[in-house]
Amino acid sequence: MGNCMGIRNFCDRPKNTNVRWRLPAVCFVWQLSMIILFGVFDVHVMIFVGFGFLMTFLKRYSFGAVGFNFLIAAFGIQWALLMQGWFHSLDYTDGKIKIGVENLINADFCVAGCLIAYGAVLGKVSPVQLLVMTLFGITLFAVEEYIILNVLHAKDAGGSMVIHTFGAYYGLSISWVLYRPNLDKSKHLNGSVYQSDVFAMIGTLFLWMFWPSFNSAIADHGDGQHRAAINTYLALASTVLTTVAISSLFEKTGKLDMVHIQNSTLAGGVAVGTAAEFMLSPYGSLIVGFFCGIISTMGYIHFSPFLEEKLKIQDTCGIHNLHAMPGVIGGIVGAISAAAATNTVYGDLGLENTFDFTGPFAKRVPTIQGGYQAAGLCVALCFAIGGGIFVGLVLKLPIWGDPADENCFDDEIYWEVPEDEESVPPIVAYNNHMIPNKHADIRESGHTPRSFANRP
Amino acid sequence: MGNCMGIRNFCDRPKNTNVRWRLPAVCFVWQLSMIILFGVFDVHVMIFVGFGFLMTFLKRYSFGAVGFNFLIAAFGIQWALLMQGWFHSLDYTDGKIKIGVENLINADFCVAGCLIAYGAVLGKVSPVQLLVMTLFGITLFAVEEYIILNVLHAKDAGGSMVIHTFGAYYGLSISWVLYRPNLDKSKHLNGSVYQSDVFAMIGTLFLWMFWPSFNSAIADHGDGQHRAAINTYLALASTVLTTVAISSLFEKTGKLDMVHIQNSTLAGGVAVGTAAEFMLSPYGSLIVGFFCGIISTMGYIHFSPFLEEKLKIQDTCGIHNLHAMPGVIGGIVGAISAAAATNTVYGDLGLENTFDFTGPFAKRVPTIQGGYQAAGLCVALCFAIGGGIFVGLVLKLPIWGDPADENCFDDEIYWEVPEDEESVPPIVAYNNHMIPNKHADIRESGHTPRSFANRP
Amino acid sequence: MGNCMGIRNFCDRPKNTNVRWRLPAVCFVWQLSMIILFGVFDVHVMIFVGFGFLMTFLKRYSFGAVGFNFLIAAFGIQWALLMQGWFHSLDYTDGKIKIGVENLINADFCVAGCLIAYGAVLGKVSPVQLLVMTLFGITLFAVEEYIILNVLHAKDAGGSMVIHTFGAYYGLSISWVLYRPNLDKSKHLNGSVYQSDVFAMIGTLFLWMFWPSFNSAIADHGDGQHRAAINTYLALASTVLTTVAISSLFEKTGKLDMVHIQNSTLAGGVAVGTAAEFMLSPYGSLIVGFFCGIISTMGYIHFSPFLEEKLKIQDTCGIHNLHAMPGVIGGIVGAISAAAATNTVYGDLGLENTFDFTGPFAKRVPTIQGGYQAAGLCVALCFAIGGGIFVGLVLKLPIWGDPADENCFDDEIYWEVPEDEESVPPIVAYNNHMIPNKHADIRESGHTPRSFANRP
């Protein structure tokens, strides 16, 4: 309203030529902030619906999946706003942190790392442990991100290194320290049922659809952003096909496995994270997606059992296949494509714009940048593994209320679970032939009927 | 297309300096309308998916929840376009209502009030009653909104008063008039099952994620809008943590209750509705969210039984805890923060811009504005309670086909429900020990198999 | 970043007046591309979540619905990028296809046709057949779209002809060629259960909400786009009410049928597809929606059985009622409203802008345009039916691994389905009275337990 009036006022005194730069500039800045604002919501959907529902695949841990994901994210974004504020937007004149819309999207990115880590320990830790894990995770993330992006000046638009590599190895290290040799005791709950697999597909699809937004949200606005969206889109599309192919190839009678479709179809998006805003070319993106679909699916089939049996890493969601391997690949692809960048491909100013070779980094050349990218990957790995082992040891203290081996993957432990007529057939209760139905017994003993007060 | 050509033409005759205001102005106006356009879709998602799925928690009323929500919304937006057209965008020269994209978002806002009211009577009324309730609800809404926003010139960007307080007390008043002393007869259906609680979480998350969009959609564009989004985001994040804390504190053995996670986590967004675009500061938003999480969760635990037993108000979804109390709190917070606004905090023009102290309201000062805000809250309450009692009496007429006490919360009454192999185990039919499985009997007698014609 | 600097530089040398067109122009072009970018995501949601979940209604084919939908879409968009590239964006100087964000949205549109066709054969074909169907479908689509939009210069913003009529008759023709006289053998699986109907509503709502985006995504930017969004919104709202009315009118005891709510509520959006960007007026849109709700619901009740029994077309999802009939109606409405367009209604330049009467088509008048619109509808029908019969014959070859008549609509054939405790009560296994529970037997013999390796 006020703005339109402003325009009319300008017309009355057309001599103030200065204004002609001001108005377009306002348009510009505003446009930028709107893009970021919408970026926030797209990324928001991935964090809350995408990650939350992706983990609902377990037959009796859907409340924990979506509920604790919600808790981690809501706690994490607050802590992330503070941590990132100290590192990036602290106003030294008054000691206050200014929060703008860009900070919200950065907070979402921060939280993504912790949600990835949650995938490794899903069903085996208490909500208190999750909050501790998130507190340390966000802190470590803020430091490693600062080192990688600001000190080393590596580029990582979609966070292959900063988010995925860090988050995945952080979670896997924690899971390694918290290894449960007798996890078999709750093996009957460590699997999906038909409906829970459909719920998980909600998560998969929302992640898949908005991944181009995620990878392009903090890319250089303009060309870089479009490039990031298109490269991610193509890598993801190609991953779906190779995932289906490999899944069918290695299952008997050529059937498809929902685990692969839910997870490996996303690996391409992880792997183009770093290089998304570079001139990867459609061809390059398709190739990255192609190989990641293969590697990730093969990971679920061959590498996960090895991880658990030999390396003693229990990885509930298989984040090693979805985030860790593709994240490292993404870091390497990024380093190589940065090192191989030339003026011919990027154009005169494209190189400077894409890699921000300005200010203290004005003298950097692509080959050197490639080296710094590789260094960034190492930093992410060190923080993840070192931090993960430390946090794992903290979480091993017997004060956090974690579940017993036979109660893992069971919502009953931390949630009031409604009486489920579907799963415990009434006949068990009434029939004279009382059957030793263990599952039904556990349920009944642990069950507290919803009190009248709750929902009258 | 045509526009680019226009630009080229401008270049041919660079002397028409007037144009230099026209082009940016077009950018500006367009940008505004695009923001509104995207706002529409975000709010759309809340209305149709958010409210619809939030109410699917009942074990056998998911069709009614999502289906009647759809019906109310589709009917309501049409009626709202007309009603709001008469009040706001009637062109007196030709007697026609002009519909622009802004009208669509206002229609969505209108409908939100009726969907909130639906939460109180969920499962206890017929679709015909819902349509009558919506017809009157939208009409009352249009009048009270006009009085509050235009006559009193109160501000209410996120609708704490106009939408939430009005909608909730409208629904609660109707529910009070329609009190069913023998509702216990359908008590076995007034609860959730595992899967229905997961479906409800879809609603919760979509509401939670897009709430910042909702509260900022009609805020003053520019700074006010960003402020509204950020304040809402922070209030919501903080509510999640206190909801989890209180839920765990008051349930035995510290378990969490899904009812609280589904509902109370949203209370912070309701309570910052009015003040979202004010200079509430991040700190203030976090505090509002903090207390609302506590109040709303305590409401589910202690206040809902009191409402039902003593005040004879049966509130299926607990909208008193999610919308009514937080809405009133929001109105009060708005009045206080308006009264406390100063030039020091808002800057010279900020005060005028935020509160629109222009035209006939040019002389208003913050303290007076605070009084008008409080008056707005009273208007919302009067319209809600008065209108609700009237509409409740209309709905008590025995002509609307409402369900008997023993058929409440049951989709069978108004929907063709598919035969559900999962819930009625086949053994009941074949086993010699015919068990008096009441649930199965009800289902079978009431069931009409899907005819060949429907889905051949 | 670089842009802001640019602005500052401009200020230093204010004499370069040329710049004053450049900056707004950049704003403009950017804004356009952002609109398209967000359009992509909205349409993306319809393709992956909307179509995917809409088809999950079958009790044991949800994996196939959402999984194969994902596969078709991911394969289809890649092939569509190539096909549309050859037709529209081939750079003849270097023989390369330039991919921009607009291409992504066009690819999504392309794929929509194939997903519609999938609805007719859902549950009756193998994934290999689906890929073949998609390969030919996209190819045919690209050619017919080129003829209709470029050669005939017909307008079809929302694709009533190009997408819906083509996709639906393509699928129906294939289904006709692949007619299975003994499909009754898997009749017990050709229906929904309670939860699967709720899942399908996720699809319905996401389609419904974003349909205005879909119809306006490629409309003329600016006025035309807003008009398209508003017209679609109104048509959809009105369809919901008539669908509910007709569904209740024709079912016994006035119950509602979920099949109608899931599908027919969308018919209005299909039918205003062509005319959405024309001056249809709110009144006209409401009328179109009104009649389409009636026709589509009546189609499910009366026409689908006729199609199957007399014409031997088995249409699993009833796409004839949702896409074919409303698509043809949309084409006709488009032709009539184009022929009836006048300068009085559209304004001087409106007619030229809306119908693009420029270049080689500068001499066209509305009545002639109406004729070309009708010709476009015929082209769509010819390509659909001719192409469908050809592809159907190809798919009849006994090399594609399609399911036997008794295995249709069953995920077991192509997916590793998790053991479903809910549906096969444990008592069947332990009880001495071994009951001839056919459903449980099929499940057990076909079931492969999820190997340890898959999700350790």
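Letters A, B and C mark the chains as written, and numbering starts fresh at 1 in each.
Quick note on the criterion: a contact is a pair of C-beta atoms (placed from the backbone, for glycine too) under 8 Å apart; a residue touches a chain by one contact, two chains touch by 3 or more.
Chain identities (UniProt): A, B, C = Ammonium transporter Rh type C-like.
What you are looking at is a predicted structure, and each value in this text was computed from that prediction instead of being measured.
Residue numbering at the chain A/chain C interface overlaps only partly, since under half of the positions present are found in both copies.
Copies chain A and chain B of the same sequence differ by a rotation of 120 degrees once their CA atoms are superposed, given in steps of 5. Separation between the centroids of chain A and chain C, computed from CA atoms only, is 30 Å. Multi-chain contact residues of chain A, defined as those touching 2 or more other chains: 20, 24, 27, 31, 34, 38, 195, 202, 422-423, 425, 427, 431. Residues of chain C touching chain B in their complex: 17-18, 20-21, 24-25, 27-29, 31, 34-35, 38, 42, 59, 190-195, 197-198, 201-202, 205-206, 208-210, 212-213, 220-222, 226, 229-230, 233-234, 236-238, 240-241, 244, 251-252, 255-259, 261, 265, 282, 286, 300-302, 304-305, 307-308, 314-316, 318, 349, 353, 356, 422-423, 425, 427-428, 431, 433, 435-437, 439-440.
Those residues of chain B lying in contact with chain C across their complex are 1-4, 7, 10-11, 14, 20, 23-24, 27, 30-31, 33-34, 37-38, 40-41, 44-45, 48-49, 52-53, 56, 60, 62-63, 66-67, 70-71, 74-75, 77-78, 81, 99-101, 104, 127, 195, 199, 202, 413-423, 425-427, 430-432, 448, 450, 452-456.
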